[in-house]
Structures are given as structure tokens and as C-alpha cells.
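Reading through the C-alpha cells given below for one structure.
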Amino acid sequence: MKFNKKTFEVIIFARAGQGGKSLAESLAQAAVSEGKYVQAFSVYGPQRSGAPTKAFVKISDETIRNHEPIIDPDVVVVLDDVLMESEDVGKNITENESVIVNTKKPEEEIRKKIKNFRGNIKSIDANGIALDTIGMIQPNGVILGKLIAVTEIVKLESVKEQFRKIFEKKIGEELTQKNVLAIERGYDAL
Amino acid sequence: MKFNKKTFEVIIFARAGQGGKSLAESLAQAAVSEGKYVQAFSVYGPQRSGAPTKAFVKISDETIRNHEPIIDPDVVVVLDDVLMESEDVGKNITENESVIVNTKKPEEEIRKKIKNFRGNIKSIDANGIALDTIGMIQPNGVILGKLIAVTEIVKLESVKEQFRKIFEKKIGEELTQKNVLAIERGYDAL
Amino acid sequence: MKEKISNCKTRVALTGGAASAEALRQINPMVMPVYPITPQTPIIETFAKICANGKADTEIITVESEHSAISAAVGSQAAGVRSVTATSSQGLALMNEILYIASGMRLPIVMLISARALSAPLSIHGDHSDVMGARDTGWIQLFSDSVQEVYDNTIIGTKLAEKSEVPIMVVMDGFITSHNVENLELLEDDAVRNFVGEYRNENALLDVDNPVTYGPVSLANSHFDFKLDQEKAMQKVEENCREAMREFAEISGRSYEAIEKYQADDAENIIVAMGSVAGSIKDVVDEMRERGEKVGLLKIKLFRPFPYETVVEALSKAKNIAVMDRALSFGAKPALYSDVVNAVFQASLDVKIGSYVYGLGGRDIFRKDIEGIFEELLNGKFSKEIKYIK
Amino acid sequence: MKEKISNCKTRVALTGGAASAEALRQINPMVMPVYPITPQTPIIETFAKICANGKADTEIITVESEHSAISAAVGSQAAGVRSVTATSSQGLALMNEILYIASGMRLPIVMLISARALSAPLSIHGDHSDVMGARDTGWIQLFSDSVQEVYDNTIIGTKLAEKSEVPIMVVMDGFITSHNVENLELLEDDAVRNFVGEYRNENALLDVDNPVTYGPVSLANSHFDFKLDQEKAMQKVEENCREAMREFAEISGRSYEAIEKYQADDAENIIVAMGSVAGSIKDVVDEMRERGEKVGLLKIKLFRPFPYETVVEALSKAKNIAVMDRALSFGAKPALYSDVVNAVFQASLDVKIGSYVYGLGGRDIFRKDIEGIFEELLNGKFSKEIKYIK
Amino acid sequence: MIVRNVLDVAEDPVVIINATGCLEVTSTIYPYTAWKVPYIHNAFENAAATAAGVETAYQALKKRGLTDKKMKFIVFGGDGGTFDIGLQSLSGMLERNHDVLYVAYDNEGYMNTGGQRSGATPIGADMETTPAGKKSYGNRNFRKNMMEIVAGHGVKYLAQANVAYVEDLRMKAKKALATEGSSFLLVFQPCTNVWKFPTSDYVKVAKLATETNYWPLYEIENGNYNLTLKNENQKNIEEYLKTQKRFKHLFQVGNEEVLKSIQEGVNRKWEELLKKVE
Amino acid sequence: MIVRNVLDVAEDPVVIINATGCLEVTSTIYPYTAWKVPYIHNAFENAAATAAGVETAYQALKKRGLTDKKMKFIVFGGDGGTFDIGLQSLSGMLERNHDVLYVAYDNEGYMNTGGQRSGATPIGADMETTPAGKKSYGNRNFRKNMMEIVAGHGVKYLAQANVAYVEDLRMKAKKALATEGSSFLLVFQPCTNVWKFPTSDYVKVAKLATETNYWPLYEIENGNYNLTLKNENQKNIEEYLKTQKRFKHLFQVGNEEVLKSIQEGVNRKWEELLKKVE
Amino acid sequence: MEKGAIIKHDIKKAADTGSWRNFTPEVDAEKCIGCGNCVKYCPDGCILFKDREDGKPTKLAEIDPEFCKGCGVCAQVCPVKAIDMK
Amino acid sequence: MEKGAIIKHDIKKAADTGSWRNFTPEVDAEKCIGCGNCVKYCPDGCILFKDREDGKPTKLAEIDPEFCKGCGVCAQVCPVKAIDMK
């Protein structure tokens, strides 16, 4: 049985410390602010900084009742292309679905790393853009922008607003503003 | 239902510290040495020295399987007549059964302390005899002698032997010998 | 769940841990001894931040072990004030001795549990072993399926415990619920405060003018009677629960029962389960119902005291039942299964019951697994052996 | 019990505590961490005297709590040597967390338990609450009815645990058995030593040339499997028990089984019970049989793992069953009752089962009470409510 | 006795927290209670944690303006419940500096369970878990130095007292109660039952402990050591040991070394103490 | 790092006992184990009791003549597993003087669970259970003085070390291993994750702790205190605090007093130590 | 049956040892100098001071026989041997 | 499945961090003076000494890339900055 796919599902591959979890949470809160129902969670384990992790976001117009991890995502985000060596990031990504990769490498090279892949590759040098806008290698904001540009699952405005709400207290106004800029840059990037 | 009374049952009323428990155990071990089956146990609770306690001995030719406290004794021993104020020592003692009391008081006076009593009273000044033989107020040996004289449930020899076995190591040869003498004196007392 | 949203409610998305902390903020208990353990940490960390920022004025005691956490909670609740704590797994097991004491003293402590597996080998992930291991301790155990239920159960549970004078464990599934951001609706602070009311301990230790003695020695002539009294209090819990939930529905629009029947009324094939798996089962039920299969779910929320008769009622139309346990009882039937069997036996229902154990140590369970279970019920292809969904 | 006494055996009378200490003297384990608690004290005190006089050379560790007692036993057993400990009540509850760890590591520690009630209120007297509270911990639980059984079970239990690589609780009833002087027959030292043999831990920590790691972290991909493996080991225990008891019969002339049927073969009315009450029930059965009543006893010795099928077999002729529990499971059916119901349900036996709770906190139980229960079975006058024999 | 004298010097209402032990078991057998003040017994190992909870509840009420009564919180714990199984909970209470007076009454063993060795049992004592025998001279460890361990927690006031010196005990209890935050008293309390001596020698035995410098009377106030009784002529420890049956075997041939090491231990500890007093 | 250096100086085969914590969790994720020597992790709170069992098993084998190998037993416990939940079990092990070296690696908090306060957390630190906020300056307690508590047990050798002073650490580990009976090492180990500083500053941060006299290097041998590093010019504690985000809020207006009391605390402890050294 | 075995204080419920005492202490009013030793040392707290009827200014020790367990400590600590165990 | 999750030591089972490192340290053999600092400080114990091939008498630090987690401590403690994080 293929359970009814009223839910939009995202898997985020990242390395511990890269901000995969905040990416997921920002996206989820943005969806909530638009009246949607969400789930956002991660795979937990003893994590040394740098270890591979996965985060999940589900977005729907109805209450999401099941608590499965995502097995058939609508879009996949990869925060570090090195992860593609060890993780099968393209699993269950079909023709009209995308894998968004933070990479400097050309798309064709990236595509080759996934076996039997039929989906789209959207690559973006999020590290570079982040360094540019925030001054740190913190790709999650940029790639979040890219993600909503690709999927249009929530509005850019909602994301920016929620990001501010969540992070202003934690990291201060200035850094938040830079991050918001990074989101915008990601959104606008080709 | 009256359960088959193949078992001979003794209740010992004493005050914590008077040796009611060792009396019970000596009697039981003597019976065991004659090939009998026994149980010997006490009522336990937080005991301050001087608090009333009860010990039980059951003796039978067959394995004793039940683990009830004794409710219908064949003989009752009272190590301190003061206990008769608070305890119903004569309960279920019928015509041919006895209550053996360590007391200086005459039997009639003792008898009056038990309501509706139909059994026998055997009184003995065990304290006095003990003081005489052991040099201490330790009535349990004397009264043990009396008990077997009254009931003939085990042989004097067995008791003496077992008493020696149990106590020689604990209290030394000399004191044991004195106690054995006390048992004999109790046995021989009228 | 019907959604009668009134105006004054706030819709947010939080993790289960944060949701329970938010409920605590509203309840504003007096004392909370805490000791960290994964995956309970989101609860105490969120609440510590709330207090650090003056949004609640609970006294947090950062104790040196879970044993002391529950011991201090006994102390403060006996002192006369509302006390809460939270733990998981090894922590709950370490509290074991004092759990019995808390309930024996009839102290309605509220404990939030983020359920997790027990060592050895060590696992930080979710299952119900810890909670099942404490099911005989005389505590109420209330399970939650979603973040909304965690929030609601924290509030309902506080009232239920205090009404019953029995301590309560409000259980969420470790990680799956405690760390999962989900939508929920918050009540207004005043609504919550009015609902739970002031806590009053008629035997408060701090009432120095009316001295009481807690925790005496009971000899053979009284101990049995105290235990019986305690059991009687347990027997009243379901009724109190019904009442608390009814009142809660009035302020929240969310009506709950000790059990939740989902498509169970006419279902011949029913899964009985607790905790976060229930949502997945509902999805499957809907799908299978669309195919015309008469399947349903019986979700147990109140696991202790076990609502035997209410369960029987809910299962009275069933032919085949699958009970899903998320813990083993080594060398015996799993706990929930065993209780359901007892309920059914007592009512002489003519049903077949299969035992399914899933999700130990955080093993994922998928809707297709659940569908598989229903298929077995439909085909009658299940035996008396426990089946492990690995 | 048939009495084929061979020449080389010694007949004595000892308390249950002393009898188990005597068995330990013969087994001569390497390490015994101890922490005192009434009514376990006769066990450890007798054994400490034995060691002080050089009659055993076990290393006694006088630890600072029961938690450390079981922790040290885990350490020494993992190190590679035979380890024992003993406790009761609060002590067993305090060990709770580590009990799961000992079994999870598959360490066949032998623990003698003098069963006692749990606080609050505090009671030093006997019941089975402590042991029942530990029934899910993955330990074997072997109950004893008499001092002889305490002695025998200590010896059989050591072998059974080591064969199964599962830890064991050898249970005696607090005071009633632990402090009661009864007759028993001792085996020769050599016979006992040969029977239990040398203990060998193939994963000994002290084997420094073959280093092993005990107690790793297991993630969601393996934890379930370890637990399942552990459960499988539990499933083999009954078979191992049968074998150990058969071998024990050879050296002792006393044949045991995981359960004992007493006049149960043709009995329509059966009481199921454990521990020291069984002897009293036998007396009643004999009396009532004399009156022509078809009554019998099913005594459970091996309570964990619960021998469902063996129990079913023993009950297959029964019409009315009374299960006697000496502990409450607050808010649920008592433990033994619940297990019997599961056994019977699984086999679809057509019986009525009544639940009787007795003896909590040392409350005496008399043969007339038991007779009363049989009468109720005979009259069919028992309901599904738990009956408390106070 | 300790209890009465401590309560006697308390001026504010007190709440008592008690660990399982002789005191608890003899004073609260249901339905009787000997306590005229609020009293709670939780378990054996958690009296201090329980006290932390009770005291915090009081602080919470004060903070919210729900009480303005002054109250004192006093724990009574035996040596076993303090040195051994309750040490951790005590340590946590001291660390967090709850406003509680912890009184450890020290009878040098688990007496309520019949007299087993505890961390407070002196070396050589014949106890149920460390019996004297052919291969044993009794307990093999020196007493845990509880005063130093508690002092290590930076407690503002702690003192060692003895039931036989009542005025001294009362003075210390008073000071302890006046301390803000945690304070600690370690009180010597002979046990007639397990130490085995006639009850009427109670005071004599207790005095000998101090007269032999086995149990010096002193206090530690803000880190400063102060002897509250200057014992001019130290008696030989044997005088003390001889009064009690638990040490009887030490006077048998073969145990001379043990006796010697006991005397040495007393001397060493006494000298260490003197150094700190200076 | 600590582990490797300690194992490195051990000459006899060692058996490791580990409490739950970062070390355990990162080194033994099934089916992987980083340990080339026998290793056991039992629970969080009972490493010392487990060690007591392991060591006693060894003594039992020796007594019965079943082994003649020499072996060393080493516990690794975090500060939480040592100061708090494992204190009692440690105390028992020390009291009975098992032949075990207990190494506490001190990162000043429960790090494995994400950075909550422990008894080793310094005052003012922003931790998960004692967060800084409008009404809070972070942790309110001074660190438990574990060295004094362990010293109170009469342990023959104990020492305070720092990962940044490797030779000193190795010297101390060697001495500790050579001790008959229990010995104890308390080793400072920065946690990049919770203290929040760049990993590459690891050694710098650790050194600052000693250079500010916050973490003096010393040992206590048979009761005698000995500084193993004489710090001639003490740096201001702020230099150390500034390197880590957990103390960031202390530099905001309003928290001057806290900063001051931290410096005072360091000075006081240092002077107390100097007195003892003399 | 009190809920949770919580006992409300009631003087009548203090342990009564009246019936199982070995020896009973008796204060000799003539000898007693009112020093208070016995009052402080009685382990069971059952000696109290009362005012004297004979006009002497000192207090007089009085033993509550209901709660005394007869341990003899009072007799031992009395400096003038005013207490006799009978 | 090992009984009781007891792992027999096997070098192959040590945690392998190869694939998730941010930076990789590289030792410049020219600069390394063989002081051993990095060997002692590496938190993961993955630096060992090897003999030099170029005939110098000092030892040369070698990093095992499989177990290095790229923390950079070695680079920090090297007195001659012989280690570079790439």
C-alpha cells in the first residue's frame, strides 16, 4: 500500500553541527505560520561533531498522525556533498522530485554519485554564499532559501519571519539579519 | 475443619532477651536428634529488649508442611508471669493440656489470671533455680527441663546433648555446663 | 479528534518535551527536582529556561541522581506543595524503590516520562520497557500519542493525580514524541490554572501546628489494610479520569477518554496499542477502511489502572485482536497483551488475540508493518506465539 | 515428596537462611557482595561466620548499598568468577536498574531473596511484592516452599543459571521460611561441587589476552536483536531446569519439576500458588480428599520464565481454579493470576478462575482460609473480583 | 536522648526527616508515633534528599509569600544511613547548601538489622557481617572519616559530639541550628544491644570513648577546627574496648597486633586533629 | 587523550571500568569498540562498585592460586559519574581500599546528555539545567571540592591534573598506578561542545585554567600536599572565562558581582591550598 | 485507616511500655537535688521536672512509668544516687 | 549477534571516522622534529610515530586518516607548526 501522499516530505542530510536540525525547524515553523500541519525531527544517536545525521520535515494541510521516519521524500537536501559517498541520498526520488546539494561541483558530477537516479539535481555553492554573506561556512540558511525556491512549499516571507523569531534571541540581531540575507541569496540563486 | 493433630505444638511467651527463641530451638533440635520432624519460629517485629514475643515449636513424626502460626497449642510456656497481664496465654488449652509458668506465685493465683481456663497450671520458680545454678536470672533452661518433664515429648538426654551442641561454642563450656544443670533441675523440680 | 477551536487558543508547533514544559509553565508547580537523561532533557531544559527568564517561579532542585529527584519530590509534596519531576529509562529504574513509597504515601507527584529502552546493552532510544517496569508501583500511567496529547495529559494528569491522591506518570515516547516538532493548540494560562486549581495537602508537613507522621512502620496487623486502601484509590482513578477529561473538554474542545476507539465500533479486527504508534495505525485504518476492511484501533491512554471493563466494552464486537507491545516481559507475555487477555477472559469474549512486539530500542515501525498485522488478523493467520516486528 | 534417603546424607534442622548459607558453603562461590536487610540477614550472617571460620573462602565484600552489591556482582561475574548476593524488599527495589543490566549482559549471578513487603508504609514482614516487582527484569525466579527447597534450589539454581547464562533469584518467604527452623537433608560437599561444577565465563574480563568489551551502546539497528536473543535464552530455561532437576534427583533422591502437581491429576478444583503457603494447601487437600472432594494443588516453582504450557497441561482437567497471589499489582490483576489466565486463554481451556490475594505485609494465612477457598471453588461461588483474605 | 536535646534547643518550629534505622523503627510503629512535631520517614538512603525537598517547598512558599513562619529542618540518620547508603544524598544536600541540620547518631553499625558492619564500624569489631572467627579478627577497615568528608563540602558548621556530654551536645546543636545553610553533627551513641554491655554502663562507655581520645569533641566553624573538650590525660584505648563484648576477641592471643594498630590509629587521628586545631 | 596517556604508563595488563558518559558512548558503539584492553561499562552511577567486584574477583583468583598475573584496574568516570551520582559507590570503593585507580575526567558537566550542570560545574556557568536568563546568572553553586572529599577517605595517593600538562599527568598516573590500594586522579578536560570554544583552542583553554590558578596542579601523597607546578604569575580568571561562551553572560552588565565572587573563590581556594602545601 | 499511613499526632499514640518493663526506676525525693541529669539522659524522654511539694527550691525529677523502658540509665547518671531500679 | 552484546576486541571494529571529517591534518615531514606533542594530545589517539625514511634520527609523526576526526588539536600543539589542517 502506498499511503496517501497528502504530506510533503523532506529529508535533510547533514553532518552534526551543520545546522540540519535548525533548517528543518525553520521550515516547519514557517509552514505552521501558514496554517499548515507539520512534523520535524531528526535521527538521534551519540553524535560527535561531524558525524552524518538526518533530519526530516513533513508538511500537510491536515494533522499528521503517523510517526514514521520518511522513506519516500518529495525533496532531499544534502548539506555536504561528501555525505553522498556514504548515504543513498537519491532513494525514492522520482522524476519530478529533486535533490538539492550544497556543492561546488558541477551537477553532472553530482548526479553520477547517485545510482539509478531519475530525479533532478539542484546544486548550489551554499558554503561560498554563506561565507560571503555571513562570514562563516554555515550553509543551512542558503540552502533553506534554495529549498523553498525549488519546492515553493512555503513562502519566502514566512521562512524569514520564523527564522527571525527562532534565532533573534539565540544569536543576536545582527547575525540573524545576515542569515536572513543568506536565505534570500539562496532563494534567488539560480 | 480441625486439621489432624499429629503434630505436637508449643507456644512460648517471653520477653525479648529472655531466651524464648533458644528454648524453642533447643527443644526442636532435640526432637530432630530423635528422628522427629520440627518447626521452630518466632513472631518478629522491631523489638526493644523487654517487649513481649512469642516463639513456636511444632514436633511431629512426619514432615510438617504447613506454615501457620500455632493457634491450638498442646502446651504453653510463660517465661515471665507479668506477660499474663497482656497476653491470653491460656487460649485453646484444654483439660489435659498445660500452661507452664515461671513464677514465684502459687498456682491458684496464676490460674486466676486466665479467663475460663480448664487446663493445668504448672508453675516453677525458674528465676530462682537459675540464679542458684547459673548465677543469672536466665529462666529458659530451667523451664525447658520442666517442659519435657511435663510433656515427655523428647528425652532429657537429647535436650542436654543438643543444648551442648548449640551453645558450647557460643557461651563456653562452663556456662553451658551450668545451663545443662539448670535444665536437669527444671526437669527434676516438682 | 474533533477540532472546536475557540478564539483564545494559540496554535504553535513544539516538541513533546517543550510542550510538556509549556504546560508546566502554566501549572507553575512549586518544586521540581531534576536530573538529566536522554531523551527527557528537552523537558527539563525548556522548563529551566522558562524559569531562568522568570516566566515560572518553580524552584528547580538540580539533584545528584534520579533517586534523589524522586526522594526530594516525596519530601516537597509531603511538605504540602505541588511537585513534579521528569525522567527516562535508567533514571526511572533507579527510582524504583521510591516510586512505591510515593504511592504508598498517597502523594500525587506528577512525573513526565520520555519513555526509553533499558540497558544492557545501553540504548538511548525509545521503547516502553522503563514504563512497563514500573507498572506495579501504584502510579497512574497515562500514555500520549502526539505532542498535543503530551500537553493535554500534563494538565489533565495533574488534576487527576491530585483528585485521586495517587502519583502519575505522564508518558511520551522518547524521541518520537519528545523530540518531534508537531502542531498543537495551547490553552490560555488562566484556563489551565483554573482547571488544575490550587493544590491542597491536608496532611502537609509544613503545617507545624498540626503535626503528622509520614512513613511509619506497619506490622502484620495493618500493612495489608494500607495496601488495600491504596488499591481502592486506584480503582477510583478511571472514574476520576473520566471526570477530569470531561472538564478538560469544556475548556479545550478536545474530548478524551481513558481509551480511544478509532473506527472500532463495528470493527471485527482491532489493534490495541499505546503511544506514538497509534497515529500510524489510524492512517492504516483509514486506508483499509477505504478498501472496505472492517478494521479499527483501540488506543489505550490510561494504562494504569488498567480499564478492563472499558476495554472489554470496546472489544465486544471484535473477532480478531492484535495487541502491540513496545516492551518485553522476559519469560512472560508482554504487559499490554497480558492485560488485554485478562480483560477478554474475564468477560468471556470469544476472540483470538495475537501478540506483536515492535520498536524495541528505537527500531522504526512503518505503516506497512501495521498493515501486515491487520492482514494477519483478516486472514486469521496468527498464532499464539509472540511475533516480533523487527 | 518421596524420601529415598541414601546413607551419605545428613539430616539436620536449620532455618531457611542458614540452609541457603550451607548450600553456599558447599558451592563456595568466589565473590559475594552483601548488604544487610531484614529478613535476608540470616543468610549473610550465617555465611559470614562460615567464612570467618575458614569453612569457605569466598571473598565477602561489605558494600555500601544494595545498588553496589549487585553492581559489584556484575563486575565479579563479568570478571569471570562465580558470584552470589542476597537481599530483600527495599534492597531488591534499589537494585532494579542493575538487574536489567545483569541479565542483559547474560551474567548468571545467583541472588538469594528473602521475600518481603515494600514500603510505604514500611513493613519488615513477608510477602512477594519485591520479587513480583522484579519479574520483568530478565532473571529466572525460583520459589521455595520449605527449608529443604531453599537448600535444593540454591544448588539447582546455580547450575540452572550458569547453564542458561541467565541470572537467577532463588526465593524464600521472608521469616516464614528464612527464619523457620525445619528439617532438611544435606548432600555431601563433593556431591554438590560435582553437581554445580566449575564456573567458566568464556568472556572473562580478567582474560587479559583476549580482551572483551562489556556493555556497549546499541543503536536502533541492534538493540532489538539483543533483547530478542535474551528472550530466546529465557525460553530455554524451562528445558534446562528440567534437566538440572533430573540430575539433581540422581544425587539427592528428590525429584522436582518446574511446577509441582499435588493431587492435581484428577482434580476439578485446583489452587495455584507459590512459596510457603503450598505446604498448608497440601494439608487441606489431604483433608478434603479424605472427605472425597476432588481438590488439588498446582505449586509454581519456576515463576520466571513462566511455564505456560506446563501449567496448561497441569490444569487441563480443572474446572475451577483459584490463584493465590501474595502481592498486589496496583491497578491491575495480580501477577500470578494474570499469568495463569494467559496460560489458560492461550489453550482455550474452559475454566473459571478466581483471584485470591493473601498474606500482604506478613498477614498470617491459615488452613481454614484455604479450605474456604476450596469451598468457594466447589460451590462455584467466586466472582471475577479479586478476593482479599485478610 | 540526642533527639530530645536537639529539639530542646530549637527555638523555631522544626520538621524532622528520619532515615530508616533504630530511631525510626522504635518511634513510629503504626498507629503509634512518638513525634510531637512534623515527621517524615521516606527510605533508608534518602533522608537528606527528602529534607532537600521539604526545605525547598518551604523556600518556595516563602518566595511566593505563602508563609512567613520561621522553620528549622532537622535530619536524623544513623551512621549506616549517613556514611554508607545515604552518603550521596547527603553530599548533594550539602553541595546545594539546603538550610538543614543533619544529625548523624553514630552507633557504629547497622543496628536496626541486628548489628552488621557499617562504614562507621571501628576496625576489629565483631559484627554480624564481619564476625570474629578462626580466620578473622572482625571488621577490617578503619572508620570512614565522616567529619573530614563533610568538611570537604565546605559546610559552615559541623561538630562531633557525644551523648555523654550533654551540655556540649546542646551547645553544638544550638550553633548548628543557628547556621544559615547546611550544618552537620556527628553524635556518638553507644548501642547496648550490639556492643554488648549493660545498659546502665551507657554513660560510662560513652565517656570512655572521649577519654581515650577515640572520640574527641570538636567543631569546625567556617573551616576552623576547635576542640570543645581538652582531654588532658588520654586513657588507653583498651580501657574502652574492654567494656564491650564486640571487642572481646581482641584480647585473645593472636590479636595483639590488631589492638596495637587500634591504639596507633587513635593516636594518629588525634595528632592530625591537634594539628588542624592549631 | 587522558585514557591513552594513562594506559601508556601502565606496565601491567589493565582492565578498564567505565561509567556512562561521553567517553563510553563515543568509544563503544556496537559493533565497534575502541578498547584494546578488557573493558566494562555497567551503568552511570556504579563504576566504582563494578570495579570493586572486578578487583575482588582478581583477589579471589589469586587467593585460590588460580592466577599469578599482575593486573591493574582503572576506572574512568566523568565528573557527573564521580561527583554526583557515582559518589557513594566511589566512597565505598575507597573505604574498602580496593586496588583500583579511579580517574575522573572533569569537563564540568553532564556533557553526554548535552551539557547540564553537575556538582563539578563552576558557579556562573550557563548550562542546560541552570541557564542564564533574565532571572539567572547560571549555575549557583561552587564546585564540589572532590579532592578534599576523596582525601577525607584517607586515600594514599591522589592528584589533580590537566590534559594540557601531559608530562605531569603521566607522572601522576604512574604514581597512582604504583600505589597499593585505591588512588584517584582528577583530570581537567575541556569540552569544546558545551563550553563552546573552537576545538583548536583546546590546549590553550586548558592551560589558562591552570595559569589562572583555577585548576592548580598538585598531589596529595600520604596526606602531604605537594604542588607539581608552581605558578608564579597568576592570570586573572577573566582571561580564562572569556575564552568560553558558557561564561559570556557574566560579562554583561549586572553580573559584575558574580565575576568578582568567582575571582575571590579562586583566590580563596588557592590560598587554602597553599596553606596545606606548607 | 489513615490514608497513606499518615499519623496525626496524638499523645495517646506514643508508645506505651508500661507492661513489659523489667525494672522500674524510683526517685527518692529526699535525695534528689534537681540537677537534671536524669532528665537529659533518659533515652525515652520520660523524666520530667515537677515542682516540689516540700517547699525546697530545687526541682524534683518525676518518672512517667507508662513510657519508661527500665533501662537504668537515669540511676547511673544521678550524681547522688537518688534513683533506684526496683 | 554476540551474546550479551559482549564485543571481542577486533581492530577492525574501532570506530572509523574516515568519511565525515571536515579537515584533514597533514604532517610536513620537513618540519616535524619528532617532539611527540601531537601524539600525546590527539584525543582520538590516531597519531603514531614511525621511523623516518630520510635518515634523520628523530621520529616522524604519522596520522591515521581512518580514525582522525579532524579536530585540529594536533596542529595547535605542534611547536613547529608542522601540521596543517587541509
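By letter and in written order, the chains are A, B, C, D, E, F, G and H; residue numbering begins at 1 in each of them.
Basically, contacts are C-beta pairs under 8 Å (C-beta built on N, C-alpha and C of every residue); 3 or more make two chains touch, one makes a residue touch a chain.
Here the structure is a predicted model, which means the values were calculated and not measured.
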{"item": "Path length in the contact graph (subunit F to subunit G, fewest steps)", "value": "2"}
{"item": "Chain whose Cα centroid lies at the greatest distance from that of subunit F", "value": "B"}
{"item": "Gap in Å, rounded to a whole number, between the CA centres of subunit F and subunit D", "value": "43"}
{"item": "Geometric centre distance via CA averages, subunit F-subunit B, whole Å", "value": "62"}
{"item": "Chain centre separation (subunit B, subunit E; CA means) in Å", "value": "40"}
{"item": "Gap in Å, rounded to a whole number, between the CA centres of subunit G and subunit D", "value": "49"}
{"item": "Shared interface positions of subunit E, touching two or more other chains", "value": "25-26, 28-33, 35-36, 41-43, 45, 84-85, 87-88, 91-92, 95-96, 112, 119, 192"}
{"item": "Set of subunit D residues in contact with two or more other chains", "value": "38, 62, 64-65, 90, 94, 97, 101, 104-105, 119-122, 124-125, 211-219, 222, 225-226, 230, 364"}
{"item": "For subunit H, residues contacting two or more additional chains", "value": "4-5, 7, 9"}
{"item": "Residues of subunit G defined as touching subunit E within the complex", "value": "2, 5, 7, 9-11, 13-16, 40-43, 45, 71-73, 75-77, 85"}
{"item": "Touching residues (chain side subunit E, partner subunit C) in the complex", "value": "13-15, 17, 24-25, 28-33, 35-43, 45-46, 49-61, 63-64, 67, 69, 71, 88-89, 91-92, 95-96"}
{"item": "Contact footprint of subunit C on subunit H as seen in their complex", "value": "4-5"}
{"item": "Touching residues on subunit F, where the partner in the complex is subunit E", "value": "84-85, 87-88, 91-92, 95-97, 119, 141-142, 144-145, 148-149, 151-154, 223, 272"}
{"item": "Partner subunit F, residues of subunit D touching it in the complex", "value": "30-31, 33, 57-59, 61-65, 67-69, 71-81, 83, 97-98, 101, 205-208, 211-219, 222"}
